[in-house]
Each structure stands twice: as structure tokens, then as C-alpha cells.
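Below are structures written as C-alpha cells.
Note that chain A is present in both complexes that follow, paired respectively with chain B and with chain C.
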Partner chain A sequence: MTESQPLLDVSGLSIRVAGANRPLVDDVSFTLNSGETLCIVGESGCGKSLTALALMGLLDGTPLRIEGGTAMFQETDLLSASQSTLRSLRGDRIAMIFQEPMTSLNPALRIGDQIAEAVREHRGVSHEAGRARALEMLERVRIPAAESRLDEYPHQLSGGMRQRVMIAMALANDPALLIADEPTTALDVTIQAQILDLMRNLGRETGAAQIMITHDLGVVAEMADKVAVMYAGRIVEAGSTEQIFDDPQHPYTLGLMSSMPSLSGKSQRLVTIPGTVPSPQDMPIGCRFAARCPFADAACDAPPPLVDLNDGHRVACWHAPIENAGIAPGWKETA
Partner chain B sequence: MLAFLARRIIIAIPTVILISIFVFSLQHLLPGDPILVMAGEERDPDVIAALREKYRFNDPIPMQYLAWAGNALQGDLGISLRTQQPVLELIGEKLPVTIQLAVMALIIAILIGIPAGVLSAYKKGTWIDWVANIIALSGLSVPNFWLGIMLILLVSVKLGWLPASGYMPLTEDPLQSIRVMIMPAFVLGTAIAATLMRHTRSAMLSVLKSDYVRTARAKGLKERVVLIKHALRNALVPVVTVITLLFGELLAGAVLTEQIFTIPGFGKLVVDAVFNRDYAVVQGIVLCTGIAFIFMNILADAAYRILNPRMSQ
Partner chain C sequence: MTAPILQARGLTRRFVANKPLFGAASIVQAVNGIDLDIAEGETFAIVGESGCGKSTLARLLSHLIEASEGSVIYDGRDISILSGKALRDLRREMQFIFQDPFSSLNPRMTVGALVGEPLRIHKIGTPSERRAKVAELLRKVGLRPEHADRYPHEFSGGQRQRIGIARALATGPRVVIGDEPVSALDVSIQAQVVNILEDLKDEFGLTLIIIAHDLAVIRHIADRVAVMYLGEIVELGDAAELFAAPGHPYTEALLSAIPIPATGARKVQTKIEGDPPNPISPPPGCRFHTRCPYAEDQCRTERPVMREIAQGRQVACHLAERLTLEGIVGTEKTRPAAVADRFARYSAARAAMSASPKSTTLKTEE
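Our next item is the complex of A and B:
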């Protein structure tokens, strides 16, 4: 693979509910290189998870339709590939971890078998080899007494342990791309740190690229090489982690940053972003954040394009760079 | 699992005792006097008195119960007041016939109902779902006896493929036995297949939405594996409950089906015994049916534990 060809190149992805007038995910584009971690951040309902499910080809059987775009992954367009092509990639080259470890494992099957079946499916190995691989993976995700855990059922494990099992399952076939949809949201804070640590180390060991979906900027700071901020189905700002954290340019990103508590000691007032995300039924044609944005003016009635400010730092705002826009009261003072 | 079964069987004992008390009281609650039936037209008072003595009808009722229960424990359920045959022998003759009919009907119902339910849930909203639902609705609506008569007319009378009636013990000629029984079993099984299909469908619909089915798909498993190994296994838990409950319907349906196809089974024995006030036989039959129900429930509990490992805790 050459420098110019990323592992995953998503371009113009749009997803719509059958019959809706505006897409739920609108013209989402990003690229990801081998070994990189991209965090997609945004509040619930902004289309982060839909984007992930679309890449996995798991929207079949739902009322959601992929309306356009391409997602090139190692010469295959994930958005137009047949289900059988996608099936051979899923769980093998591309794996996914879900938010709810409590319900994402099958309660009726032993965890060893749940890990091994993915290996058997894609590698065609024997029962014993699958089991051996399952054991190896449980040890890699640092589950104590892994051997005896193989024959246990999910209800015998804690939430953190179950998420480790999910990670073991996802990485069992050494995928090139791991998609994690809010992998720590359902866990206790202390367990969250352990799981993130594990994912970062395993990512480094295996060289798998990761897409991590989260609403938690702490997770982003911890994990990301690159960040894409989504709002109401669109990417509003994207760039390297430094660019986003040190020099946020979209008013929504600014709002997110100011609503994050800091541990630096200075007591600061937390800022909340006024208003709520527009519902899919009355999504504005122009900038979707305009109704909540202190900088909004007549220009925002037209949809702002995602423009490259410098060196891959892309922003979709008519007022970017924000330094030129003048500071609105109550915004940057705490940022 | 063995310890579990042993525990369940011990817990079942008080239930069996309760059933036996109920069964015994039955003869005193039912209207009519069997001695009068036995004494015949003349109603000679001496004969009646002798008969009462012979069948212990003069003892206090609790004594009668203890005597009856003591005998029942030793496998002596009394003697048919009508044919003078031991009740156990009568039941032993007829029960296997009905069990064969019921088991075949249940197998047919499961073979039709569960796959149809899985398929219609998987293809929800498509023509396959519609066709399966329409067939299920017809299966529920069409009366057993009508379907039985129509099948006899078509398959036996017109096409001559299968015999219209009769019985062949499974032990004598298994193939012929199944041939004779397949049509009645089908008739008996259809209504149950329809109920099973509806329940399987709704259980599958909720399981197919679950996170672990999505996980199974995310692993790249084949749809067949996702459906059967991951979804159906979890969806079967409520279906097993339904099968247990339907067992009663199955026995009730067997009575009617046996009449249509003139099968010498339990159903005919029950009807004859009730009409002739043959109490000993009625008691024996109700007791056996009650125990069969308890047995079915223990089997269902064992099945739950296999399907749902959380219940083993």
C-alpha cells in the first residue's frame, strides 16, 4: 500500500430513512491510514453509529438506506459490495465492538465458542484450533484464568470482562480495521480506563487501524490520532487531535470543549450549548448548527462546505477561521 | 442435571398425591350410581347390596381412598366395572396408541411450525410471511374433524394412498404403523403447528432485533448460522412453554381424531368409560393424564436449562 492510498477512504456517505426528506448522515467523508486511530465524536443521534454500521454493511433489514457515496477499503467499495463480499470481510478484515457488552454476547453460548466461531468461519480451522485461538485471545485481552473462562457463559462475567471478550472476538482474525462504537460508555469509570488502555496497546501490537465512536472528549484525547466532529449527520470539523484540541474552529467544537470540565485546578464555569439538535424532520437546509450558534447570520442559510483551513484541518463554517469572526459573549472566555 | 431432575421429581410427589385425591373424589362428585348400572334391569336389592360390599362402597370415604391409593401404588388401579378387565391392562393397551398419535402429531407440528415461524420472522413483511400467516390462520380456523374427513375423502377414498382408518402396533410393523397413523397425526398436528408458528415468529422477531444477533452478523457468520445457532436457540425458550401448554390440547384433540379415524386409543376408552360410569377406568385415565402432564413439565424445565444456561445458576 502506498502513501497516497489510505486503508479506508470514505467519500460522500449519505444515509436516509426511507421516506424522510433529509438524510440522517449527509455527505460524510474521511480517510484512515493503517495503524491510525480516528475518533468520531458528537452527541447522541448525530449519525456516528449509523456511519459505522453502514461501513460494516449492517444496515440491511432496517428502514435505513445508503443513498450515496463510496467507502474504499483495500480495493473494495464497502457501500456497494454484495452482502457475501461484506460477510467475508466482516469479522475478518473489519471487526466491530459494540457499546453494550451486557447484551452484545449471546447468552446461550459459551464465550470460547463465540470467539472460536469467528475464527472457524473465516479461517476454516478445526474445532481445536479455533478453541486454541480463543484461549490465546482471552489471554491477550488479559482475562485471568482464561482457560476456565472458555467454557463459561456471558452471565458469569462482569461488564468489563464481557467487553474484553468482545475485543478478543473482534481481534481474533487480526483485522486491518477495528470499529469500536462507544466501547466504554456502558462501563464503570475505572474499567473504562483499563479497556481504553487495552485497546490502545492491542492497536499498537496488531497495527490495526481503529475508528472509535464516542461522545466523550476524554476518550478522544486519550486515543485519537485524528478526530472528526459530527453534528446532526454532518462532519463539521476534522483534523489531527492537536488541531482540534488546540485550535478548535467550528462553534460546535468550541462548545464541546467548553462543556468539558478541567482538572487544572482553576474553578471554571462549565458552558452548555443552548438549544437541542434539530430533529430529522425539520433539519435546516443551511448550516445545521445555526439555530444554536452565537455567530449565526444570514450566510448560514446556505450549507457551509467542509473547507481545508491548513494541513488537513477541515471546517464547515462560513465564519472560519473563527479569529476573524469576533468573539461572541459567553463562548471563548472559558475555552 | 441429574440432581435437578431428582429434585423436580421429589417436588412432583405432593402434586401427584393431590391429583390422586381429586381423582378419587371424582366418583363421588359425579352424578349417577355405577352399581345401578351394573345391577342391570331387575335392580335386585340383594345383588345391589352384594355389589356395594364387593366394591367397598359401604366403607367411609377416607378408607376407600386409602385402599384405592394403596392398590394404585402397587399398580392395581382396580377393575373395569364394565368389562371386568384390570384398569391398568386397559390403559396399557390403549395408552401406547394415543402416545404414538400424540408424539407423531407433535413432531409434525414442530417440523412445520418452527421452520415456518423462523422463515416468516426472517422474511417479515414479504409474500413468504403473508403466505405463512394465511396458512397458519387456516390451520387454526379449520376444525379437526372437517380436515380429517376431507383428508380421508381425498387421500384414502379418491387417491387411495393411505388407509382411512385402523391401527397397527409400532412393534409389529413400524412402517405400516406410521403409514396408518400419519394422516390422523397430521390432522391433529395442524392446529398446533399454527400456534407454534405464531409463537416462534414473534419470539424470533424480538430476538432478531437483539444486540447479540448484530454481533453474530458483525462476525461475518452465514445467515443460516446467525438464524439457527444464535437467534432460534434463544427464541425457543418461550416456544417450549407453549409446547408444554399445547400438550393438553393435543390429548383433547386426540379423543376427537381417534373417533374420526376409528383408532382404538385412549380417547375412545375415555368416552366409553364416562358414558358407562366406569369410575375405576375414569380414575385411572385421569391419574395417568395428570402424571403425564407433570412429566411434560419436568421435561420442559430440563429443556429450559439446556436452552438458557442462566437458569442453571
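Our next item is the complex of A and C:
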């Protein structure tokens, strides 16, 4: 996997909000090759969306500051690049899809014009060529009667159709990297299936790398080649989809999987993760999951490094793998 | 099955979608002629996608809105004709949990006042008895009695949903209806609330009616499931059986669209294309025929009625007997021993964590 230069190499990304004692996103590193799909999975407030916004250079004008790290994308460091450099990359080499298409589309512009605008902005082509490309893209995302849709406004479309328009717009300039932040969360399950199917096929056709941000492990298993599990601003476990699902190591990953109701088999009582995520003002120095972790002990007061267990499977836990750490069931009662 | 505690007969609700100055108003038939029998003590789930009428049905069942036609029978009495004191008495026995714990709790009331309000309204107990009851209810949903003096904004989403549950349980209801009670919550918090709902149901012998779009939660929590499409129930049956072998093509399409969180599992399939038709002018015949991969001529003209195709299973589909539909079976691979052991260790350590007296106050709810 490492023979060639990765398309995106994020290293040590940290983001801090003014007044917080510790970074909201802390030392996040990952790489992504062309054609790969990385899913960043985690619950509300884990920093998965902030990571995406930082890569897109969209944190300017917010109280959030990038504190450190680099994100090399085709010889450009996205974290230190000027706004004009980023502006020429965004919507061209790197595109982004957001959760709620209604708030990301301009309600006053016909969808054909919105897509054409993205093309003309970066390609400088004529109005007609932009419109032709818009039509081509609408057909590509399988919008029925695409030609007549060109002149419709976003409110005339259903949620699923709007998300297709967003995807058409994002892919109009053949980006090398597509970042999708919860692209199907607002959609019904049958519509979600259509969009996931579309994104997988388009990824295959265009060869674009994808970063998909989601809270849904089902979507992860469906889409990902690689997975990064985030908790409270840190990557706690990362690896291939097989490594994460077939050999989960971090207690948070175990807890997350145990919390999920099964779709088949018997309905046992769910094994939960106790408590809630620490607040951003109150992040511990050590392992950020320790307060909710059934295996936590004094060792967890120091921040666990993300270590490579084998073949790229990285875990940030002092006790991993749990079965070798001498932690027996019920150890806590005797401790 | 025990005697039904709640029944619907021909339940219909129409809304005016658009009333132009001249000409006819356009009408949405949100719920269309639904018959339902809910047994005492069961967990009954209603599933369907946006706009299928599931929330309207829940509100009709609890008489939060009035039916256009048909009736709801609670414990042998038609509740659609109740008013005044009789309706208030019904509210004691039938309570509602809302989806959004941020908008359903009055931000200017303390948690104690919120949970105690139903007791006050129904004049149950003396003020000191009510305070004790509030403390007990808070403990039951995993909060602490001293939380009674705080305000909703001081709590996380999961904690607020617990407050909503405590409030719903205050009057000692027999039926609790939850409209997407865990949909707004993160997975780990959702699991906590699902467990609380199940515990309380057992403890108080509640009948639970859960509206949801998350099929995994439904599969876990429900005894029986009704699947809705465009205002009608298209399939009804035992949850485990219905998930393993659906009888209606729409149920099959729903199940095939769920992404399964495991490697090597089947990928999502798009058995149906496009969006649901406009409910203002639903298609003739079977309402699903425009998207149904199996539709035949009969389906385009003749409306199928719900009929029993097996013990306890009803389906509204002309072709039910002829189709062999795919459900969700055996999605879980057997884990390698070391990984299974790891999950067992997590589960045991987690159990030990809540058992030890230190940790109950430690991290359960801060």
C-alpha cells in the first residue's frame, strides 16, 4: 500500500477552540490512496466533521484554530495553504458533500445553473458547455428526465434527488478526492441504499478517493476500504475494514459494536457503554475514553499512543489486545 | 396473545394540504382505514419511511389528534368520543414519549417540576409524596434524585430522553407510546435508553408502542411489527419472523436496504427505485405497485386488503402466496475464539462496572 505516494497524507492534525484546555481534534493522522474509501466513524462531538472541515480549509472565520499538523494533497499542504489556493482546489480537485442538501444548495438558483457554475468557475468554459456538463452529470447520478430537471429549483426535488444533485455538482470537475459528511443520514433507508450504491459505483468509475464521515457502522461496512474510529477528538483505532470488524481491539470499538442491536439472531440485552462523552472544556490528559472504559486503570492516566499492532491495524489503548493483557472478566471487583 | 388493550377500527385521518382561494382543496389521506389490535403487555412497533403516516397513527392512537373516520378502543371503550374528565383519566393511563428531547421539555421548568407535573395535574399524592415519587422515577431512569433541581439545558440528549421517560411514567400508565424515542441519540446512548425502556416495561408491565424508522432497533425491541406505506399497513406480524421472511415486497425492499455492520455480509440492494408517490394522489390499486418489482396487472387496478397468510401474519399483497421474498438471516459470522473472548471480557467487565457500588455513583450519569 505504501509503494507509491499517497493521495492524501494527514499527519498530526490538531484543532483547538479558544479557551479549551486541550485540543478538540488531537494528533489525527491517516493516509489515503487514489481509489480508496476511508470511513471516519464516531459519535457526536468526536471531531470527525471538524477533521473534514479542516482539510477543506473551512474553519476560517470560526473560533477554531488549526494548532498543528500537515495534510499533504498532491504537493500542497491543505492546512497551511492560502485561501486562494484552497479556493481553486475546492470544488475542483477536492469536493465535499454535506448531510443536508437543502441547506447546501442555493434555493434561488436552478439546479442546472448551480452545477454549471461549478464547472465554469474552475474550467472557464462557455455557458453552453457548462450546461451540457450539468446535464451529463445529472444523467450520471441517474436523475430521471434529467433534461427537464435542469431548470427546476431545489425545493421542487425530494431529499434523495437533492443529494444526487449535490453529488453531481461535487463530481462535475472530476475531483481526485471527495469528502462526504454523513451524506445519507437525513435520508430514508431505501433512498440511502440508492445513494450508497451510486457513490460506490461513481467511486469505481471515476477513481476518486473518498473520505466518508458517518456514525453508522452499517454504512462503514458497506462502503469502506479503511476505517478510522474516532472518540473525543482522537483516533482510537484504525485499520482495514476487515481488521476493524473482524478483529476490533479498542474497548470503545468493542462497546460500540456491543451497543448495536442485531438484525438477526436472538435479542439479548444490549451491552452498553456507560456514561457520556467528556465535554470539550473538560478533556482528560490521559486516555479520553478511560472514564467510560470497563478496563481502565492507573495506566490510562497517560495518553496511549496509536501503535501498529500488525499490518497497519493501529490501536490507542494501553491494554490492547485485551485477552493478552491479563485482564480477566470481572477483574474490577477484585482490584 | 392476551386480550387487546388498544384497538383501531377503520382509523382514517385526512389533512388539508393546500386550500387555494378558488377550487377544491388538496387532501392528504395520512392514515387510511387502519385496523389494529395491540395486546396488553406487548411491544408493538410501527415502521415505515418519512411521510408514511406512522407518527399520525401514533397520535391518533393516543387521541392527541382526532380521527376523520373510524375509532380507537382502549380497554373496551371508544376513546374518540371522550372529553373532559374522562379524557384526562385516559391520559393517566396512556402516555407519550416524543422524539426530540430538546423541544419536548419546557426549558423554564426544573427537572423535578417536569417529572412531577403529571402528578400535580392529576392530583396524585401530597407535595411531599410527589417529591418522593419524582426522586424514585429519576432513579429508575438512571438519573439521580438531586438532578430534580436542575434545568433541561444542563443535560445531554440521552439524559433528557430519560427525563422524558420519567415524566411519561409518572402517572403509572398502562400504555406508553414512543414516537422515535431513540432516533436522535448516538449509538452508545441509544443502547442505554433501549435497555431502560425494556427494564421499565418489564417492571411495570407496560404495553409499549414504538414508532421508528431504525429497523435494527425495532428488531431488537419489538414483539410484533406493522409496516406502513403511504398511510396503510401493508404487513403485520411477529418481529423475528417478519425480518427472517417478509411477506410483502415493500418489507423485503426495506430489509434489503439496511446496511449490515459486518464484513462479508450482503451489500445493500436497491429493490425499489425512486421516491414514494405523492400522498395527495396515491396510485390506484395497490399503492406500492408503481415501485414494486413484482407488480402485475391486477395490482394496478385492484386494491389489496390485509389478509392472514400464516398464523399471526397479515399481508396486503395479491401475490403474497406466490412470492418467495428475501429476509435477513444469519448476518453475523461466528467470531474467531480470541475475538469472541474479547467481547465476553468487555461484557463481563462492563457488568462488573455497574455492579460495584462505587461505580454506580461514579460514571453512570455524569
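To be clear about the criterion, the second predicted complex is superposed on the first by the 321 of 335 C-alpha atoms of A that agree within 3 Å, B and C clash if a C-alpha of one lies under 4 Å from a C-alpha of the other, contacts with A are read in each partner's own complex, and residues count from 1 in each chain.
We adopt the following convention: a contact is a pair of C-beta atoms (placed from the backbone, for glycine too) under 8 Å apart; a residue touches a chain by one contact, two chains touch by 3 or more.
Note that the structure is a prediction, hence the values are computed from the model and not measured.
Considered on the superposed chain A, chain B and chain C are sterically compatible, since they fit side by side. In the superposition on chain A, A:109 contacts chain B only, with no contact to chain C. Of the two partner chains, neither chain B nor chain C is touched by A:34. Residue contacts after overlaying the shared chain place A:189 against chain C, while chain B stays out of touching range.
In the superposition on chain A, A:21 makes contact with neither chain B nor chain C.
Contacts of A:126 after superposition on the shared chain: neither chain B nor chain C is touched. By the touch criterion defined above, A:321 reaches chain C but does not reach chain B. Shared-chain residue A:295: touches chain C; no touch with chain B. Panel annotation: after superposition on the shared chain A, the angle at the CA centre of chain A between chain B and chain C (CA centres) reads 80 degrees, nearest 10.
Considering which of chain B and chain C touches more of chain A, the answer is C. Superposition on chain A leaves chain B and chain C with their closest Cα atoms 11 Å from each other. Within the complex formed with chain B, the residues of chain A that make contact are 56, 58, 61, 87-92, 95-96, 98, 100, 103-109, 117-118, 121-122, 153, 155, 166, 169. Partner chain A is touched in their complex by these residues of chain C: 49-50, 156-159, 186-192, 194-195, 198, 213, 215-217, 219-221, 243-244, 253-254, 256-263, 265, 267-275, 328-333, 335-336, 338-339, 341-356, 359, 363-366.
Per the touch definition, chain B reaches chain A in the complex via residues 208, 210-212, 214-222, 225, 229-230, 233-234, 307-310, 313. Chain A contributes residues 43-44, 144, 158-161, 188-194, 196-197, 215-222, 241-242, 245-249, 251, 254-265, 267, 269-276, 291-292, 294-295, 321-323, 327-333 to its touches with chain C in the complex.
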